[in-house]
Amino acid sequence: MKISNDLERQLIEWRRDFHKYAEPGWTEFRTTAKIVEVLQGLGWEAVYGPDVHDAETRMGVPDSETLVAARERAVQHGANRELVEAMGDGFTGAVAILKTGRPGPVLGFRFDIDSNDLNESTSPEHRPTAEGFASVNQGAMHGCGHDGHAAMGLGLATVLAEHIDELTGTIKIFFQPAEEGVRGAHSMVAAGWMDDVDIFVATHLHSRLGLGNICVGSDRYLASTKFDVTFTGVGAHAGGDPQSGKNAMLAACAATTNMFAIARHSSGASRMNVGTLTSGEGRNVVPRSAFLQAECRGENSEINDYMFNRAKQVVSGAAEMFDVQYDIRLTGRAETAPPSPELLPFVHEEFAALHGVNQVTDSGGTTGSEDATAMMNRVKERGGLATYVSLGMDTQGGHHTESFDVSEEALRMGVEAEAQIVFEAPAFLESIGR
Amino acid sequence: MKISNDLERQLIEWRRDFHKYAEPGWTEFRTTAKIVEVLQGLGWEAVYGPDVHDAETRMGVPDSETLVAARERAVQHGANRELVEAMGDGFTGAVAILKTGRPGPVLGFRFDIDSNDLNESTSPEHRPTAEGFASVNQGAMHGCGHDGHAAMGLGLATVLAEHIDELTGTIKIFFQPAEEGVRGAHSMVAAGWMDDVDIFVATHLHSRLGLGNICVGSDRYLASTKFDVTFTGVGAHAGGDPQSGKNAMLAACAATTNMFAIARHSSGASRMNVGTLTSGEGRNVVPRSAFLQAECRGENSEINDYMFNRAKQVVSGAAEMFDVQYDIRLTGRAETAPPSPELLPFVHEEFAALHGVNQVTDSGGTTGSEDATAMMNRVKERGGLATYVSLGMDTQGGHHTESFDVSEEALRMGVEAEAQIVFEAPAFLESIGR
Amino acid sequence: MKISNDLERQLIEWRRDFHKYAEPGWTEFRTTAKIVEVLQGLGWEAVYGPDVHDAETRMGVPDSETLVAARERAVQHGANRELVEAMGDGFTGAVAILKTGRPGPVLGFRFDIDSNDLNESTSPEHRPTAEGFASVNQGAMHGCGHDGHAAMGLGLATVLAEHIDELTGTIKIFFQPAEEGVRGAHSMVAAGWMDDVDIFVATHLHSRLGLGNICVGSDRYLASTKFDVTFTGVGAHAGGDPQSGKNAMLAACAATTNMFAIARHSSGASRMNVGTLTSGEGRNVVPRSAFLQAECRGENSEINDYMFNRAKQVVSGAAEMFDVQYDIRLTGRAETAPPSPELLPFVHEEFAALHGVNQVTDSGGTTGSEDATAMMNRVKERGGLATYVSLGMDTQGGHHTESFDVSEEALRMGVEAEAQIVFEAPAFLESIGR
Amino acid sequence: MKISNDLERQLIEWRRDFHKYAEPGWTEFRTTAKIVEVLQGLGWEAVYGPDVHDAETRMGVPDSETLVAARERAVQHGANRELVEAMGDGFTGAVAILKTGRPGPVLGFRFDIDSNDLNESTSPEHRPTAEGFASVNQGAMHGCGHDGHAAMGLGLATVLAEHIDELTGTIKIFFQPAEEGVRGAHSMVAAGWMDDVDIFVATHLHSRLGLGNICVGSDRYLASTKFDVTFTGVGAHAGGDPQSGKNAMLAACAATTNMFAIARHSSGASRMNVGTLTSGEGRNVVPRSAFLQAECRGENSEINDYMFNRAKQVVSGAAEMFDVQYDIRLTGRAETAPPSPELLPFVHEEFAALHGVNQVTDSGGTTGSEDATAMMNRVKERGGLATYVSLGMDTQGGHHTESFDVSEEALRMGVEAEAQIVFEAPAFLESIGR
């Protein structure tokens, strides 16, 4: 199919609006409110607020102060106050549902909507700055393309609303919050939204592939666990009474070094990082506190679990060495999720047929981590099919850099191919006997 | 001698004013301005601004932004703008000089004037809070009695101004900035102020001795070196490219642990502390920077030098291990300085004669560190005599705690005894053939 | 081809004799002497002693005392004294050469002959023990099948000697010492033995594949560097004078921990191990010495080099931290060497045609390390073709365990297929235009 | 008193005999047998074998193999086989008892008899070598003067046996084994031998004081705990299966480094040393075992306990970090024991009266550790008086060095002064009302 010029312009407008009002994970109040309003205008059912998530399962939610400020800012930036308040303590994101009323499969599409913790480039060569849609929120910037993802989600909703009479079954679009830090997918899974999905497609813009190159079976994501460690000891005057201290900094140093020293795994790639370490109260005080932000990864979930289990032993032992207390808090988790092989030829074909597409591959992608994998695995567990599509772009700035930008032409491709998937999925499923 | 009730009230008033407008090291703009104005009112010569210090030798001076803000605040809190501006980039503190015009010895008294980096207790049981003179400056509090020291210095100046006709020789009162972190004395020494002093007395209020107990030869101070360490490596994505990183955090951890592991010295006490460690840019980034605030101490300067030299080796080796750059910056230094034995009986006698004094001892004190030792050593090198007096107090809150308070009765004792020392010093010096 | 029953029995007899008199790397005096005598009896030229190796390039040679004792033991166990003495300070191993006098290619086969540092199982269920050919040398045992390799080399020499009139070109059989620790191949390469080889085949028995399963293109070996580290500090009485010590043990601990903590490489597998650490002179003495045996590995030589270069930085930095001297001595090195793709179909065919063969694969093998890769790479550099054959066995004990044993039926397979390779190599080379 | 020339010669002969047949702690079979035979010849009761010690309390006893070999060697070197066998598994040392049958105090003298683990100097300038009484036992040498102590004990027994009719009360001479490593005193204390002692004197030759200089109240010994640590993990192939290993070496490295990093104690000197570390099975195996010999010390027992308790936490935490097992075994312990002030003037006087004495002091000595302190403390607990005498010597080689030697003239001094103490103790005790 081919979308209209109007919708193509609208995609860009939405994307730039989301870009300008970038909101990091669990604070996407304005972004969500806008999505909900558009969806409602299109006639979709829009689930938002606490119903989107299983409250117990949410990870890495900011503190209350941050949430309060973010809600206030969202309203100042034009968000509907009622919607914002309904999202409460960070129940951001939305599930869009289109029930055709005709029998047919349940199709699910995932678009993530949060920004990064970055300050956007102020260089005049950076298009968002030059054209006036750079982020107005200090320390927040869409540096990974989720502004484009949110726009594609709305674009897809628009096309499908226009064609509802031609559709069967049910379509769900997941506007997922807090993908950065791989935090937001799990509580949507736990809320049951994936349980009846027959075909699931996650979509990501990808700056290194090149515009027109598309990987319809991204399978290189690493499983990962993100965790914070706090050590709490006892302070003491370092000159007058050092023996009374319980040194949280030394525990943190032992933990850090020895987490990096966890043995390699012979069955595949592993990673460990302690990214930040903050410890101590003053030069002449035995440090009573230390705080670490860490993560491990694995080529598969077994290797990642090995790394995390070993890390927990290291932290616990380090605390015991220095007679300090410790706390490990999980802040994010990603799995590996091989795409469903049966699904690939179908999705491949839909993207290959697009105007402007150069090359379509069935395997590849980056070695970062993705929590859409949790959604994919749930779909597959329940008998559905799932894959992850990477849409190539031509932009220069790498992901997670201050000069990242989106090839806006790619937005059209995502919408067109995925709409086509919706149109043809019933026949495809039938063809493979499902 | 006995000071007037008026002066006794004035001492308390001065002390509470300094307490309320607490200013940490090298930012004592309002404190110094007030001291200068009082001194000038009394007819003393008051040296202030760049002439007080040897610019090259100053250590641990805050950054420009902090100094600019502190000057502005001082003016807002009533300081004379002209005086404040004359102090420029933190040339705080003053040297008060009283020349009698009659031949005689040069006597020197040192009072330090800076506050600590503390937030003052808001408990109604804390007298400064209850009586309204708690610090109004966030993060700054007189938690070591330097507010009282500054008041005693002005009290001594007042008494001596009243009695100038009875005096001979020259009297200098050193209002030293930045004693916390043992930073401020060295550049006053380097400026030559100690070179002609015949008798030097430093004074400190001491919360653990008890009011009326006085140690006139405090000799337990530890030599100390304060230093900051910066490691600078190379960041990299911890998942996608860990081998390209140069990990400053691991260098900092190795340095920290192994500085604590420096061998004990068999000839006396030593100490090592890394008080703060801050490293890293984000959870999934190989840390490119680390910053440590550290200190070592020794029962004598040789032991302290051993510790610092070993620490430098450890830091340099840690940097090499991880192929990162490092920088060690000296931010403070204290020596050990045994009191002059010839001086002790004289000072002992003057304090023992005071009203309200319970016990006078010739040796003792705490195992902290003091940069007045640098002044004492310079005086002794040049042939003078020097000692360090600790004035006991009854207060509960320990030094460097948020509930520290001053026994204001002790202020009178310091002024009376030291004025008496001035009166009798010429005869004493003659009696010992100097 | 098919070997005679007599030769099959002889293979087993040779293998058991080598097994009984197991000799670790660079001490294979009896083993080499026996090989040389058999070769000479068959009419082969046998190069032995210093001509086998480039003396400068040998790595990991034991100390003189060990070599003297090993030579003496070899003679006591029946070795020809003259041959043993000709091998001098560990110039063990031999190059067997058969010149047909007819034009034709140079073919090379490599069999390694050294034993492991193991005590053999005394269990009656262990066949060498039950049948009386367990190692009589304390601490030495053939736990990797090199006894079988040596026997196969002699078997191949026997067959070829019988058929010399049917052959063209030159055949070389390399009886390589000191493969354990990947030490012995490099100095044979450096001596130039590989420079004219057109086809090179290395052979290894493989306990996990299963008898009858053969991989003719083993390509999973890891590049590896083996190295010893010595730290030398200064001893001191730990009670009376700890500050005078320079602690080699703490340097070794810092080096060990931080070598394990070297960052993973994103382009493939890496390994690090410090296998032994010995440090110190007595409980109450600051340790003046430390000795480490370490190794790193990489999925390719670039990754291995990254690991070794980082290890050297870590060691150097650790020495500097503790002001001690260090020495890094290379004791072994293995590369990666992909088999020549043109050679695989030919070798595949010869093994597939064997009686008793179940499955032949062209890729696979273990993730250990092999120094025959150095020979392979040299052959390939000079324009030749090379591969590495793993012969499956059914035995239970894993490689490098005390209960390892050889499936003696596999010996026949190796000899038969490799003799056939010799017969058909000229035609094969012609067929591919070489 | 003055001993005879014959006894003076005999002292030297005994000392050289003990020197030649040096036996380390718990293997003093020949030394003890000889002592017992001399004592029995003099008419003393000699308790030997298991009655000397409380079996449960012995620390740091060597393994059976060592004991068996040491017994055999003792017999080969002329020891009475029956006596040697009676000492069984290292129940060496003896208690000599002389009951006068007349009422009077119980006096105790302690002489230790074990050698060091040293190889004696073979330099012709080393007197024992030049004169043919250097140790014939490999790895064993009297490098601390205990050969002289044993001789003095026998000299004292000789003098007292000659004067038995002039004596009252009971005299005990403790020939203590295993002082090196502070192992042997505790089980003699636990066996109750000290419980009735009224005056106790321990004696040590001291190479740094100078001949004729005597300290009768050595009070500088440090409390100390000697301990072995074993870590037991799981081995694994470092290339093929590193993740299955549990790395005992990394646990040992973390424990070692962080034991050195235990915070200094502000109330006095502390020490920590890991003197030996042995770990690992082979270069390419994840290390499954590690063994450490460690010690801590403190200026008093409280500080030493602080160090040991912290060390235990560090070891336990290090084991947990690497999921390995650990065992801490106490191998020695020394306390601090201030001499009884009432006893000092009396002992001072007896030594001051000696021929050849230059200077007698009441305080001083070295900062090593001594387990006679356990005996002293037990005597004092039970109401007795105790002190520790250091006899100066002129010899060059320091204690615990291969060139240590004894000023044999000092032996006479010890015997004479201590015999005099025996003679005058009843009157002294009466004079102070005991």
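Letters are used for the chains, namely A, B, C and D, taken in the order the chains are written, and counting of residues starts over at 1 for each.
One rule holds in what follows: a residue touches a chain if its C-beta (ideal position, glycine included) is under 8 Å from a C-beta of that chain, and two chains touch if they have at least 3 such contacts.
Since we're looking at a predicted model, the values are computed, not measured.
Shared contact partners of subunit C and subunit D are A, B. Ranked by separation of Cα centres from subunit A, the top chain is D. The distance from the centre of subunit B to the centre of subunit D, with each centre set as the mean of the Cα atoms, comes to 50 Å. In terms of their C-alpha centroids, the spacing between subunit A and subunit D amounts to 69 Å. Averaging Cα coordinates per chain places subunit A and subunit B 52 Å apart. Touching two or more other chains at once are residues 239-240, 242, 247, 250, 254, 257-258, 260-261, 263-264, 266, 271, 286, 367 of subunit D.
Of all residues in subunit A, only 257-258, 260-261, 263-264, 266, 269-272, 367 touch subunit C in the complex they form. Residues 117, 181, 222, 224, 226, 237-240, 242, 247, 249-250, 252-254, 256-257, 260, 271, 273-287, 290, 293-295, 297, 366-369, 400 of subunit C are the ones touching subunit D in the complex. Considering their complex, residues 239-243, 245, 247, 250, 254, 258, 261, 263-266, 286, 306, 310, 313-314, 316-323 of subunit D touch subunit A.
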